[in-house]
Amino acid sequence: MTTSIEATRLGELLDRSAAAWASSADDDGFGLAAATLDGEVHGVGAWRRPFPIESISKVFALALAVARDGAAVWQRVGREASGDPFNSLMQLERDRGIPRNPFINAGAIVVTDLLLGMTGDACGAVRELVCRESGNDAIDFDPTVVATDAHGARNAAIAHLISSYGNLDASVDLVLEHYYRQCALKMSCRDLALAAAFLARQGVGRRGVHLLSRSDAKRVNAVMLTCGTYDAAGEFAYRVGLPGKSGVSGGLLAIVPGRCALCAWSPQLNAAGNSIAGIAALDAFTTLSGWSVF
Amino acid sequence: MTTSIEATRLGELLDRSAAAWASSADDDGFGLAAATLDGEVHGVGAWRRPFPIESISKVFALALAVARDGAAVWQRVGREASGDPFNSLMQLERDRGIPRNPFINAGAIVVTDLLLGMTGDACGAVRELVCRESGNDAIDFDPTVVATDAHGARNAAIAHLISSYGNLDASVDLVLEHYYRQCALKMSCRDLALAAAFLARQGVGRRGVHLLSRSDAKRVNAVMLTCGTYDAAGEFAYRVGLPGKSGVSGGLLAIVPGRCALCAWSPQLNAAGNSIAGIAALDAFTTLSGWSVF
Amino acid sequence: MTTSIEATRLGELLDRSAAAWASSADDDGFGLAAATLDGEVHGVGAWRRPFPIESISKVFALALAVARDGAAVWQRVGREASGDPFNSLMQLERDRGIPRNPFINAGAIVVTDLLLGMTGDACGAVRELVCRESGNDAIDFDPTVVATDAHGARNAAIAHLISSYGNLDASVDLVLEHYYRQCALKMSCRDLALAAAFLARQGVGRRGVHLLSRSDAKRVNAVMLTCGTYDAAGEFAYRVGLPGKSGVSGGLLAIVPGRCALCAWSPQLNAAGNSIAGIAALDAFTTLSGWSVF
Amino acid sequence: MTTSIEATRLGELLDRSAAAWASSADDDGFGLAAATLDGEVHGVGAWRRPFPIESISKVFALALAVARDGAAVWQRVGREASGDPFNSLMQLERDRGIPRNPFINAGAIVVTDLLLGMTGDACGAVRELVCRESGNDAIDFDPTVVATDAHGARNAAIAHLISSYGNLDASVDLVLEHYYRQCALKMSCRDLALAAAFLARQGVGRRGVHLLSRSDAKRVNAVMLTCGTYDAAGEFAYRVGLPGKSGVSGGLLAIVPGRCALCAWSPQLNAAGNSIAGIAALDAFTTLSGWSVF
């Protein structure tokens, strides 16, 4: 579809998307990158500047856990939008310890626990994946990134509540340690677009290895589209129309199935916790390219 | 993408999808139809048998209201999954009369009220649209289809609650009358696939007229994908991967953007209120064809 | 207990309680009355000025229904504080149509339905009771008192929701008509104190007839203390320490078991919907007299 | 009031109350004691057998904190019934870390934190109080009483959530340690009735010292009546009509203001977590004696 636009070079599309957002955008506060199916990567702005990936790590952790045992994952985490702010305990109590989806904090804590049991080193497994797929071995955890006290206390509350329902195998302390470490991985838009391109390639990794089955790759994309941007997933689907996952440091990953992986970054967030400039740039990108999934 | 499968004829895909569900399926209890972009229609089983379209009417009402004034619609209804069973009043109270999305009962009641104000005859406008697009002037309201007492009372509660927050213009009685009448439209899988094909054609109706702008057509599809199957929209996106809308009489509409509109029908429902055989058939269809949006 | 204070004359106590609230209190905006066990009545301020009794009517309706068939009442209404604002539908949905207690609107609507079934004329039965016990046959419904639109719509929502769970026998319209009419009874502090004195007399009415058994009278008092002042029943018990029931027009009834019935009136309400001056005067009264139940 | 019954000796009342519950009651599984204003104590059954007091400790902790600084207490804890099961996190989240009342776990955790700040040794202060008032210096913490894993995890979740809203001063671990230790105090019905008799004496302790002001004693009683028996406080007020506080090991304390303190014990609990035989015995006691507060 939209073949006339398909001919447009990706670099030009990125430039126009960034410009559409704000011609005066300070390069230091905004980056946008796209990685194609064959491993090329293009970018504008601060697309090579690393930032803590925060909740975008949830996508990689989920993919790793699903690759090992999808059935085990979906027994312990749901697939529905939460309908509540991203850190709500109400739903968790109502559903007796089963988080609504793997992209709210509660769900990601359970996925981390699963991955710990599967690998013995959850955050190490995530790091290994993103280094390999991005071709950047320098990606590492930033020891200075820690949860603020209030968020730390709330996540501890969440983890203890999940544990009270028997939905954690490892200790709360160990699970939270791995959960926080994976959030502290520092990556650039370039790294993230490359590392997530397997989701645009129906599960096939950089060197042709199947990281996920075709079905599982589609399914991870489906969960990203319905649940990836907190309580604003419907709004994101409406405006951008792509599977996406945001992080509190301003990163925003999006997948164009069969074409490319995109990553925007800009630190200012809207009320729902998503990057304002990131959404605007992706909105412009899909409008210009016609590459929404709908 | 998936060009080898693309060559497969649509009729054959439908046969195999229906067979994949249950080789012994009684033709009387199952139908499946697909309408292509150029207005052809194929089907298997009871695909010409009319049934009350129930909540599938919400798609047509929404499209009509958005076509007239999208901004007005999205001021009075949200776009997020509800996270609660489809008829919950809790959310409505928390959000002070603004329904979470146009496909839960509360949201559809507000859309009906909007369409009443825009057209003077909400259910007449829906009927006119589906007759024209399906090419079947015999489509009409079934006077014997009425809300059960319990559902009627609950919808009355919902409408009065919305009204208490000032989010209805017309009287509760008039809005509910139009709401119920549009649910009582009797259409077949064939009629529904043809009538909804404009959503696969980026908003272009049967005779080439733009019913919706390209953006608005994509957006209606996005809302269908994130909110179209009650509290199981994530599950539907995960399994089927298409924008879809179900009805309590067993109908299930799905859109393959840029390719076709599908409609399955089979009366037995799962706990979330969606047709069991309908989901299975669409799951098989997207697996066989590779035509998921992800 | 507190025999030294018991010798104090009731009239003097009322004067000091009213004065304690505000020496400058405009007589027109405040009234306070006390009816003793032997049928005497004392008052200060505008204690003879009638006002619509609103939710105080719920006490009389409950007493009448319990007197006829207490078991039937407590099968259809609970006895616990609501923990939510007085008109919340959330609880009603969670508990499948059984209101938490008879003093929130939902519970009073069910009691009205019960009383309709028992007497054929619920608001007539309430009027007959208050006329007889107060010795004032002129008490009547004020036809100009009607629910505001927003409250009317919300109560309609509540009644339809209860009906959807099968917890109403009569039609929503008939039940609401009786519910509103009993709220529109116009009575003074004098009338209300006299009419409710049977609750201070262990159920014995003005002329010595048992309106309620001793047990049932205590139980109605217990429900008033735990649920009588909306979401602030704990606060009222803490400050005043008496069974009490408030109304949105500023009336506030309180029972001193074994001693007297009190009624204050002043139209300005706090955030919880209770009369500010009424609570202050009753607080002063119990402090001066030592007549809290604790 | 009820002077004819007042002449009845307390011991006889206890015997008849115990008998009213079940003539065949095994002495080992049931105890009942009453302590009078002048420090006498009577009992039946296993009234001298110690058991872990569990949540009854919340009454003593609250009294100690209120005695030191009531205003500080009521800034950080509410006074309303919870309307939710006793360990719900939903309300805590809705009210941003302020527990509804001091007798749900969340509220007691905050009171323990307050008392820690006031005394440096919260559970030591509680132990000192109950030893002194009961005249039994042997009362001590049972080291074998610990929270079950599930309850421990849930209380940890509650404490972390409160902490996330800034409503804890000490560390979660220290507060929980003191919270659990005070629950593990082992006392008999005799000990508890004597230790709580100051609440029947308007705040005056065993040796005539004012532990609480008259107002504060009444207020603690008011909170016990409206919130002391979890989600069944209304039911308890309705049946028994006294301020009361239950514990999960089967203890049930009740206050007859101006007369005596009662304590029943029997391990079998109803669905709301209150002792079945304890409620039955207190129900019989108030019916026989006429000593309800209403």
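The chains carry the letters A, B, C and D, assigned in the order they are written, with residues numbered from 1 in each.
The rule is simple: contacts are C-beta pairs under 8 Å (C-beta built on N, C-alpha and C of every residue); 3 or more make two chains touch, one makes a residue touch a chain.
These figures come from a predicted structure and were not determined experimentally.
Engineer: Would you pick out the chains that touch chain A and also touch chain B?
Structural biologist: Touches both chain A and chain B: nothing.
Engineer: Taking each chain's centre as the mean of its Cα atoms, which chain lies farthest from chain D?
Structural biologist: Looking at centroid distances, B is the chain farthest away.
Engineer: Call it same or different for chain A and chain D: same when shared residue numbers make up over half of all numbers used at their interface.
Structural biologist: Comparing the two copies, chain A and chain D contact each other through largely the same residue numbers, since over half are shared.
Engineer: Between chain C and chain D, what's the gap in Å when you average each chain's C-alpha atoms?
Structural biologist: 30
Engineer: Nearest whole angstrom, what separates the Cα centre of chain B from the Cα centre of chain C?
Structural biologist: Inter-chain centre distance comes to 49 Å.
Engineer: Once you find the CA centre of chain A and the CA centre of chain C, what distance in Å lies between them?
Structural biologist: So the centre of chain A lies 57 Å away from the centre of chain C.
Engineer: Could you tell me which residues belong to chain A and also touch two or more other chains?
Structural biologist: Chain A, residues with two or more chain partners: not present.
Engineer: Applying that definition of touch, give me each pair of chains that meets it.
Structural biologist: Contacting pairs: A-B, A-D, B-C, C-D.
Engineer: Looking at the complex, which residues from chain B come into contact with chain A?
Structural biologist: Its residues touching chain A are 1, 78-84, 91, 100-101, 215, 217-219, 221-223, 225-227, 231-235, 237-238, 241, 243, 257-258, 287, 292-294.
Engineer: Mind pulling up the chain C residues that touch chain B in the complex?
Structural biologist: Per the touch definition, chain C meets chain B at residues 88-90, 93-94, 150-154, 156-161, 163-166, 172.
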